[in-house]
Structure formats: structure tokens, C-alpha cells
């Protein structure tokens, strides 16, 4: 039995956040840190708002979100299908697994140069990088899930006459859903991280571009700081939404 | 055993087929060598990289060494700070509650998004790269250390208490060893994060390191060198994480190493 | 069923009881307000060297009562005396064996037993000697160097018993220790426990779901009724050991307990 309620935990958490914000603000006011390179939270938001209209922030955010959602969906679909197929059909697994294992240790960002060579500097190369970020954790978890289905479930369903695709869809896939869900969460986080990096390195819009551009064009540190906070918040909110979706999907029978 | 043999054979054949296919495709003009560098070119490029270097004078060994050193500096610094801090936060419930949302937030900030800010603060040199790697590794390690300490099997704590073991002794002799598998898992994941971050960080403002190598090679239309760089990063990551796993088995002979880390 | 129950049936021997449970109550705060009464006015006197089993449905507070005797939980009201001394914490002569053995996975069998002797004012070598002796008592001296995961469920539970005996407690508190074992191992372990109990003469409080197990082992069986947990019956089992499950009186006791549980 854990002490303290949810409300109490939230209050402590809020206190922690407020302490950090207050310390940050105070440090700039007292001159402990140089406000020209590290403005306080209030000053940062104010001067970022002066420099760029809200529509610019929203526009860049929309582009980032579009890329990460698009690439993630591609990666999730491909990863799920290939992972399940490789685990369910041994013959396909023989071909797919070595390729996946060979490519997996290469970090998604290392593909940026090849992505540019293959797809140019436009949207497809960003989709490709985000795709890779999502694909590997998801394909791994889908494969792990489908190859670790409780054998008694398989035997039980066989005794009811299920086989082939029926078995895959009614037993294999639902039983691997919890593993897949873990892969989706990890894949989302990774997609998000690599997208921002890809935008820093080669893009002309998006949140990553916005903050890098502000730096290279000698703009305002405030915009960079607000941009970073926005990136963190966006990741936090979307990840929470994904977690909520997963809870609705499998929470009732799997728990958590 | 037989199945593993078949698997290895299929894998070898498959890879050979792909390499031969690209080689043939390029010779016959179906594929552009720039887009799909064939194995023969990659081999030539590798010889060049080990002797002359790319850019001239910087061999593949130098690039690898520079990258490994950057990762190690950031990684070790992150672990040295995260372990004691995590042990403290995990042991003090109020601290844990106060820091939990902050840690979630800091982890959500994509590490490389800090690059522009880090350049403003620390310049575009070594320090910025090491700090970014440190940042990425730190939060992953910290949250796994905290979780390790926090989620010790309550049955073990009860058992220890029934022998009148409590306080500091309980923490040192029960909580700490019980948290070790999770901490190791965290260290493994953190290393992976370090590898991710370094590639991005090296793509800007340097000509040394594997990330710089693959990016520079592209701008000189030397895609085969890009591919070599990618392969070296992959092999390196694989070797280091296998090494860490072996180290873990050595250090935790009781086989606690199955625990999952969270990212 | 009366709330007072048949009080102190077997403290009549005249000698002071080893365990004296007086008016013990336990309530928990429920999330979202309110309280749940888990134990209500428990009174029990347990004579030295008695083997007592507590039987009841899930949720009747058996484990809570055991934890209170062990000093791992505090009662909300009333008190427990061990040899006349009020229980304020563990280590007042209670040794505990848990349902899921709760052995420390990072310690070998021998080290687990040595851990049990931690708080004794002995030199390390003496503790090791003592632990070896206990391993011998449970018949596992050959497995001293094994880690828990390398042992079967029965062996793990034997180590847990040896560990509980390390402080040479007057009382052995056992929380469904054989619940997770298969039937054959379970019968072996019951015989083993009786052998150890006869060799070392302890007062045993044994929690179980199994009526047969309680009857095979105990001098006395307590039925706990749930919501709130209270003593429903107190039955002295005056059968000679070793006991046979096909014995007529064994079956009469069985019927008596079963009817007590289903009323």
C-alpha cells in the first residue's frame, strides 16, 4: 500500500517545477547567469514573442508534427507487418531477420547523407529518417511479441480448429499487442528525436530548423530556448496521447 | 543447431546476392554508383581510408578514435553524476515526487535540439559535443537508477526487515544489489543514446569523427565512404553493447541481467 | 459465529504462552477516503513448541496477522506478546518464511543463510559455520554455492527455512510457504518441516489454504472468518504423528474444518 494520493504526488511535482523555474528566473535577475545568453523564463518568452509572431511558431510546429506523424505511421505499419510476418512465417524470417539485424545497429541519423543522395533535400528524406527511427524498435518488438506467444494459447486455439491466418489474427496478433505497444512508444520517442536532428542538419522549416536558423543567422537566444521548450512539450503531450491510446486499446486486459 | 546453420547460410547467401546484384547493376548501368556504391568501390574506399585518409591525413582509425573518445567522455560523466543522484532520489520519496515531472520533461527534450543553444554557450567545439552526449545519457541513466531503487521487490525488503536489517544496511545490502540489473540495463540504453547523439552532433562544425566523415563524404560525392562510415558506426555500436553485456554477466553472476530498461 | 470465539483454548496448560495475541485490530486507509477493517479483536494464546495453523479464505487477514506477529506491521489496536515481551519490531525471536521464498537472488544459498544471521554478535566465520550447519539440517549442504535461480522450488524453500532459523528464533512464522510447490514436493516438504520442527523444537505459526496440509502438520488449527477477519473456530488436533490422510478421525477433522469455512 503506497502512501500519499495522486493529488499529493501532483502537488509535489508542481512544487518541483516551480522551484526550478523560480531558481532559473532568480539566477538571471541576480546576475548569476548572463541574461544575454541565458535569459530567464519570463524574458525569454516575452522577447521570443516580440521577435517572431505566434503563427511562425505554429507553422514550424505543424511541419514538424506532419513529418513525424507521417514517418512514424510508415515505420509503424512496415515494422508491424514485417515483424509479425518474420516471426510467424519461418521462411520469410530467414530472409528478413539477417537484414534487420545487420541494419539495426546503424543509428537513424547516420542515414541522413544517404537519404539526401537517394531522396534529395525535400520532404521524402525527412520521412525516411523518421521512418527508420520508428521502424527498428517496432519491428523488433513485433517480432519478439509474435515469437513469444504463450504456447498454451496456440494449443488451445488449435483445439478449437483455428489455424493459419485465423490463428495469426485471432491469437498471434492480440497476444503480441503488449510487446508491440512498448515498441510503438519507444519508436515514437526515437522518431521525434531523429526528426528534430534531421531538421537541424538539413531543412528549411520545422522546429529544428527554426532554432538552428536562429543560431546561424545570429538571431535571438530567446527563440532558441522557447523552441527547445516547445519541442519538449510537444514530445511530452504526443507521447502521453499515445500512452492513453494504448491504455484504451489493451489496458483492460493487460493492465497498466 | 541445424536451424541456426540454415539461418546463417541463408543470411550469407542473401548478403552475397545483394552485393553481387548492386555490383552487376552498376556495371551494366542500371544503378548509379553514386546512389548505390558497389562492393568493389567500398573496398577501394576502405583501403584509401586506412592509408591516405579522408579528408587527406585523417584515417578511419582517427575518425573512430575521436568519436569513441567523445562518446566515452560524455557517457562516463553522465553515469558518474546520474548514479549517486539517482540513488539519492530513489531513496527519498519526497525528492522523487518533486523531480518526477521534471525528469520526464528533460527526457522529452530531444537532445540534439539543444545543439544551437549549446553552441551559443560553449562554442562549436569539443565541449558542446561531449555535453550533448552527456545530456542524452544522463536522463536515461538517472530515470533507470531511480526506478531500480524504487521498484525493489517488496518481498525482499520484508524478508530483510524480518532479520532486523534496516536503514543504511538495508539500503546497501538489499536495495542496491536489487537495483543493479536495472541500472545496467539503463547503462546499456544510455550508450545507445550516446551513439545516436554523436552522429548528429558530429555532422555540424567538425571534420573529425565518424558523423563528420559520412556527412563530408556526401558533399564530395563519395557515397562509398559514407557507407563505410555507417558500417563502422554500426559495428562499433554492436561491439560496445556486446562488451557491456558480457561485463554485466561477469559482474552479476546471479543472472539478474534480464531486466528491461526504459528509454 | 460468535465474535468472542472459543478463547484461549490451549493456554490452559498453566505455563505462560509463547505468543499472546490480545485484542489485535488492524484497519487500512482506503484510497478515496474511508477505512477497511481487516482484523477485528483477535485473541490467541499459543503455547511454546506448539504447531499452529491458520486457515481461511483469501482476504481474511491471515497474512496481516502474521506480519503483526512478525513485527513487520503495526496493529491498529491491541498487542502481541512474545514470551511476555511486547512486540515492537522484528527480531524478538521471530523467524519468517515467506510465500515466494524471498531469497536474495544475488546471494548464494550459503550467503542467504549467513544474511539471516547478520544481526548476531558473532564473527563472520562463526556465522558461516552456523549457516553450514543449518544447510545440513535442511539437507542442502551440497548446494551451498548455488544461486536461488539455479535451484528448484522445493530447494529454494528449504534454504528459506534455513535462513529463517539463522537467528535461532523461538518462533517460526510461515506464510503459505509451500503454496507454490507441486503436490509431491509439497508432501516431501511437509515431512521435512515436521522433522526440523522435532529436531529444533520451535513454536510454529503456519498459514495455509490447504485443510489437508493444516491437518497433517498441526497441533491446533485456527479458522479465520473474513470481513472483518476474526477467529471463527479453534480446533485442537490430537492425532498422533505421522498422520494418515485416510484415517477416519483425520477425515472427521477435515469435515469439521470444511463446514467451518463454508458457513
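To keep things simple, chains are lettered A, B and C as they appear, and every chain counts its residues starting from 1.
As a working rule, a residue touches a chain if its C-beta (ideal position, glycine included) is under 8 Å from a C-beta of that chain, and two chains touch if they have at least 3 such contacts.
Since the structure is predicted, the reported quantities are computational estimates derived from the model, not experimental observations.
If you tally contacting C-beta pairs for each pair of chains, A-B comes out on top. At the far end from chain A, in terms of centres built from Cα atoms, lies C.
Chain A and chain C have CA centres that are 50 Å apart. Chain C has its Cα centroid 49 Å from the Cα centroid of chain B. Separating the centre of chain A from that of chain B, both taken as means of CA atoms, is a distance of 17 Å. For chain A, the set of residues that touch two or more other chains is empty. Against chain B, in their complex, chain A makes its touches with residues 3-4, 8-9, 12-17, 19-20, 37-38, 94-95, 97-99, 102-103, 105-114, 116-118, 186, 189-190, 192-197, 200-201, 207-208, 211-212, 214-215, 221, 224-225, 227-229, 231-233, 235-236, 239. Remark: chain B residues 153, 155-156, 158-165, 169, 173-174, 177-178, 180, 252-256 touch chain C in the complex. Within the complex, the chain C residues that touch chain B are 67, 70, 72, 89-91, 94-96, 98, 100, 102-107, 115-116, 118-119, 147-149, 163-164, 166-167. The part of chain B that touches chain A in the complex is made up of residues 6-7, 10-11, 14-15, 34-35, 93-94, 97-102, 104-106, 108-117, 119-121, 195-196, 199-200, 203-204, 210-211, 214-215, 217-218, 223, 226-227, 229-231, 233-235, 237-238, 241, 263.
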